[in-house]
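I've put the structures underneath this note.
You will see two complexes here that share chain A, one where it goes with chain B and one where it goes with chain C.
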Partner chain A sequence: MRTAMANRLTPYLFMAPAAIIMALALMYPLGYMIWGSFREWNPSQTIGEAEFVGLKNYIFLWNDPNFHESLGVTLKFAFFVVTIEMVIGVGLALLLDRDIRGMSFLRTMFILPMMIAPVVVGLMWRYMYHPTVGTFNRTLDGLGIPTVDWLGQYALMSVIIADIWQWTPFIFILALAALQSLPRSALEAARIDGATPWQQIIHIKLPLMMPVLIVTALLRLIDAFKVLEVILVMTEGGPGLSTEILALRISRTATEFRELGVAAAMSNYLLILLLLLTVGMFAFNRWQEARAAKLHAQVEEEA
Partner chain B sequence: MPTIRLDSLVKRYGDVEVLHGIDLEMADNEFTVLVGPSGCGKSTTLRMIAGLEDVSDGEIFVNDNPVSHLEPKERDLAMVFQDYALYPHMNVAQNISFALRLARRPKAEIDAKVKEVADMVGLTEFLARKPGALSGGQRQRVAMARALAKDSGIFLFDEPLSNLDAKLRGQMRAELAMMSQRVEKNMIYVTHDQIEAMTLADRIVVMHGGYIQQQGTPEELFKRPVNKFVAGFMGMPPMNFLDGEFVERDGEIFVSGQGFDVRLEGEVARKASSHGNKAVTLGVRPSDLSFDGAAEPARSLTLDVLVSEYVGAQSVLLCKCGAAQVMVEINSETPVALGQTLIFAVNSGGIHLFDRASEVAL
Partner chain C sequence: MAAPTAKQNSAFFAVIAVLVFMSVGPVLLMFVNSFKLDVDIISGSTGLIFLPTIQNYETALCDVLWYEPEHLDFCALKFGGAFINSLIIALISTVLTLIIGCMAAYALVRFRFMGRDTVSLSTLMVRMVPPAVLLVPVFGLWNNEFCLDRDGLVGGAIREAFGGRGDVCLAGTHSGIILIYVAMNLPFVIWILQSFIVQVPRSLEEAARVDGAGPFQVFFKVVLPLIKPGLAAAAIFTFRIAWNEYLLASALSDRDTKTVPILIVNNMSEFNVEWGVIMATGMLLAIPPIIFTLLASRQIITGMTAGAVKG
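And then the complex of A and B:
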């Protein structure tokens, strides 16, 4: 009896140190942020000195047009970036899923952008977008086409393009992996059943890749909500507020406006948004597993 | 109904040639079975006919038209894959109707067809299920139904029963045999199970190492194998082989070797006397050896029992004859002790002779 109990507790005992460190490392900053978001808090004060103001920061943000603008930019950015990256990434994967000489080299080339540090990507694109000496405008000029004020007039679009360049490979490799794990013989059966390459994609490949694609899209979406470095380096949120995504606004609120409480509240709004997305993702997984389990149970029953 | 002809079909993977010129002609409504040991090129042959593998050399003719440049869907065929190859995200009805839906047939026609074939293979109550929720045997039948629904002239099967347990396999084999009589199609069936081959085939093609060894009706292959490989491959338990020499004595011809000395008669004796080479292999099927203590010594084998396997009404005995091992069948009721010496008569007509060097039948 006693040994049974001890046996049951042993694993928890071994896990305890790791669990405690994890909890401290994760929970402490998180708790600090939540705690701070209820205070009128200036960087020169310690958190204890700051005045408790209840939900004031949250209510202020709820009515703040600048916050709305920033949230709108973030949503727009995330929507376009994820949609376009999914289309290009999956399209490329469908195109390059074949055994041709040099294909593995090509695949490696395609995933290179993902390996570059975001700050470097930002710098690179800032120079390429430069109104007079940038690669794009020099090329346009050379061809006699009127130049474009990339980071001025089309700032959000330009930032979106840079993000697409960097993160499409992520979707590309996941989609390719999903494609290559598809049952080969089902595709052969489809060929015999008379499916054209296009019909194979629509009726067989895409539906079978769908679970992976949905998770991939969610991961990208979560990431896109938090993007900071590339935009910071390229536009610093400007011109005006046109590219000021939430992460950037949070950092400016804390450093420039010196309102740590408001910044913390904003972070919490973002956190809630991301939590909803993550929960959505888990719910989707759970739903899929439950469905599979139900079908399995059905078979068992009949056997 | 199409006729299929393979004209010196060759398959190479890089530098490795795995099929060395397959010539084969399959008539209308014929059930052709390709058999052979693992890796002999059965699947490759079938997949080339289906258009899933490129033809390296030679040509495939359907109704005398070359088809090797055509896509699978242009070849008017249906295929049942070894691993079923069902579409996991579609339910049974959608799996069965996929080809018809791609061909944009009218909905009423599709529904009627699905119902008809589902009925034929006994799947009506599972139409709304996904393949993941079906047992192996049910999936097998979905694969069959999907092929049937296409109504094409040629049916290809790649070891469709290999994943089933023995009982289900026997059941499906019987269903297949009945089905092949009901639907008039040209069927090509790959298996390495020679019982399936014997029971289903109008014509069996035995392959080995990328060559066709022999083709013919099951009876032809069983009674008149052209070489030692085919003789050993067809029939269960397999044929016994004993190495020996021709010896002439008193105007009669004997095959003589370690532990046996068998007199040849009739047709076999004539063939033996006209054969130049003296070194031969004697082949006798277990079913051509009958337990008979009073048998004439020159028409019998004297065997020492090594192992006895009880398989029901019959026991299979593994015995020693000289240096060779011989399998025989005996009524299980007969008391047999290990190490006992028994005499088995060789049935007339049960003697096969092969040249020992070339392994070709005399």
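And then the complex of A and C:
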């Protein structure tokens, strides 16, 4: 009798700590933020003392040119980062997909940039981009080429390059894993039928890899909206607002301008944007998976 | 496929060499520079010809060294203390996340709480939330709501023991930072561990149960040892986030609980950057993740691919 009772309670006991912590430190804060976004709220007040102002913060942001600028920078950053990284990462995976020694070494070395703290990544790149002592300008100078104002005029590009350095390996590793789990029979059949390497890539490898690639792109896209430390250390959002992505603007609004309500409203806009992107990609993924399954079956049948 | 010719192979090795150089180069550069004096870094006697010195590391670690470095009159950087804070926070939050996450993943798989789809969807949803979004509510809650009244029993005892004034709040304590890290990492850890627990054969557990083991014994003695690779992957990922995170830690920490990333950012934003010292601190922050990478690259790759490929 007692054991039966214990058995029935077990799953709840196992779930309880995780459920409590997530409710307390994730769900409650998110609700709290939504609640706070309707208030004129500064850090010295508790939320109860803050005045309720309805949609004022949202309307203010909707018409705020600085917010628009920041949003534009974020979207540009995310778009370029994901596109370029996907192209390079998948390209490298297709190029290097063979059993040669040195591959596992390459993979190990490739993970390194991802494991290192974003703060440190920012630090390294800030040094390399430095106008006078930095590696790049020194090299250019040594070659007699005019130096580039990396973190000034081309700040956004420089930030994007640093992110590409850090995260392309992620896509490479996932794409390689996907490639190596493709059905050998299909590739074999295509080769026997005389498909050129290009045809194999375009008609067989890429379509079969598609579901994994979409998930990969989605994960990268989500993470691209989270980037903050690298940019904070490299440019602090400047010059002007040219690299001030939304995450950075939220943290500045909260800590420098001391407008928690506006920061909360901005966080909500960012969340809604991410939610739309995620749901969109998820739906697209479902559709692609169904298609890939059909393709898979077809290829298998022919082989 | 025709056996790749020697020429082709050497071309591939060349490509690989270039790629390795590109990804490791910046790290090596930082490593080398952390042993240079600022004069050498700025004058740029381009290269490897310089007198290596550990002076930068001495400056960075001056508060935990047992001797006083000669070149310093005053120990300004309290890097040693921050290092210890980072270590405490990262280790405790990793252990907690693993234990709690493991139990939840087990319950989800064995007792069919929710479908796998629900779990992966909610993981994705939580993963979607940028730390910057949590900044405002966490700052508010940890400072104002998650507090013990100073007149209450526990709060009063803490105030008596540690001094200070006002109510006892989570903000500014190690536990405050640990709590948010555990919450942030849990969904991912549950997701990864799930995919490992599914592979543990049920019959093993049933055999143990027939032998009279209770559910907790089955879990700790049978299941846990079998999912060690998954635990390793999850541990590395959690540790990495807790060790590297800057934003939330900077909002929640006070003078005594600063972590290393906060110190680095604070020293970077000053106009005149001391490159040598800052690179030494950066290097110290980077060393644990580098060690993990070299020791456990296979587990890391497993963790990374389990995320997307098994979905």
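Just so we're on the same page, the second predicted complex is superposed on the first by the 261 of 303 C-alpha atoms of A that agree within 3 Å, B and C clash if a C-alpha of one lies under 4 Å from a C-alpha of the other, contacts with A are read in each partner's own complex, and residues count from 1 in each chain.
Operating definition for what follows: a contact is a pair of C-beta atoms (placed from the backbone, for glycine too) under 8 Å apart; a residue touches a chain by one contact, two chains touch by 3 or more.
Being a predicted model, the structure only gives us computed values, none of them experimental.
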_Touched partner set for A:183, first chain B, second chain C, both or neither_ = first
*Please indicate which partner A:287 is in contact with in the superposed arrangement: first for chain B, second for chain C, both, or neither.*
neither
*A:79 contacts which: chain B (first), chain C (second), both, neither?*
neither
*asked:* Quick check on the superposed pair: does A:133 touch chain B, chain C, both, or neither? Answer first, second, both or neither.
replied: second
*asked:* Applying the document's definition of touching, compare chain B and chain C: which contacts more of chain A?
replied: C
*Determine, under the contact definition given at the top, whether A:257 touches first (chain B), second (chain C), both, or neither.*
neither
*Name the contact category of A:36: first (chain B only), second (chain C only), both, or neither.*
second
*Touched partner set for A:62, first chain B, second chain C, both or neither*: neither
*Is A:193 contacted by the first partner chain B, the second partner chain C, both or neither?*
first
*Find the residues of chain A that appear in the contact set with chain B and again in the contact set with chain C.*
191
*State the interface residues of chain B toward chain A in the complex, per the touch definition above.*
50-52, 71-73, 77-79, 81-89, 98-99, 102-103, 129-130, 132-135, 146, 150
*Which residues of chain A touch chain C in their complex?*
3, 6-7, 10-12, 14-15, 17-19, 21-22, 24-26, 28-30, 32-33, 36, 41, 43, 46-47, 92, 95-96, 98, 100, 102-113, 115-120, 122-128, 133, 135, 138, 142, 165, 169-170, 173-174, 177-178, 181, 191, 211-212, 215-216, 219, 222, 225-226, 228-229, 232-233, 236, 246-248, 250-251, 254-255, 260, 263-264, 267, 270-271, 274-275, 278, 282
*asked:* Help me check something: in the complex, which residues belonging to chain C touch chain A?
replied: 1, 4, 9, 12-13, 15-16, 19-20, 22-24, 26-27, 29-30, 33, 41-42, 44, 46, 100-101, 103-104, 106-108, 110-111, 113, 121, 124-141, 144-145, 179-180, 182-184, 186-187, 190, 214-216, 219, 240, 243-244, 246-247, 251, 261, 264-265, 268-269, 275, 278-279, 282, 285-286, 289-290, 292-294, 297, 300-301, 304-305, 307-309, 311
*asked:* Touching residues of chain A toward chain B in the complex: what are they?
replied: 183, 185-186, 188-195, 199, 203-204, 207-208, 292, 295-296, 298-299, 302-303
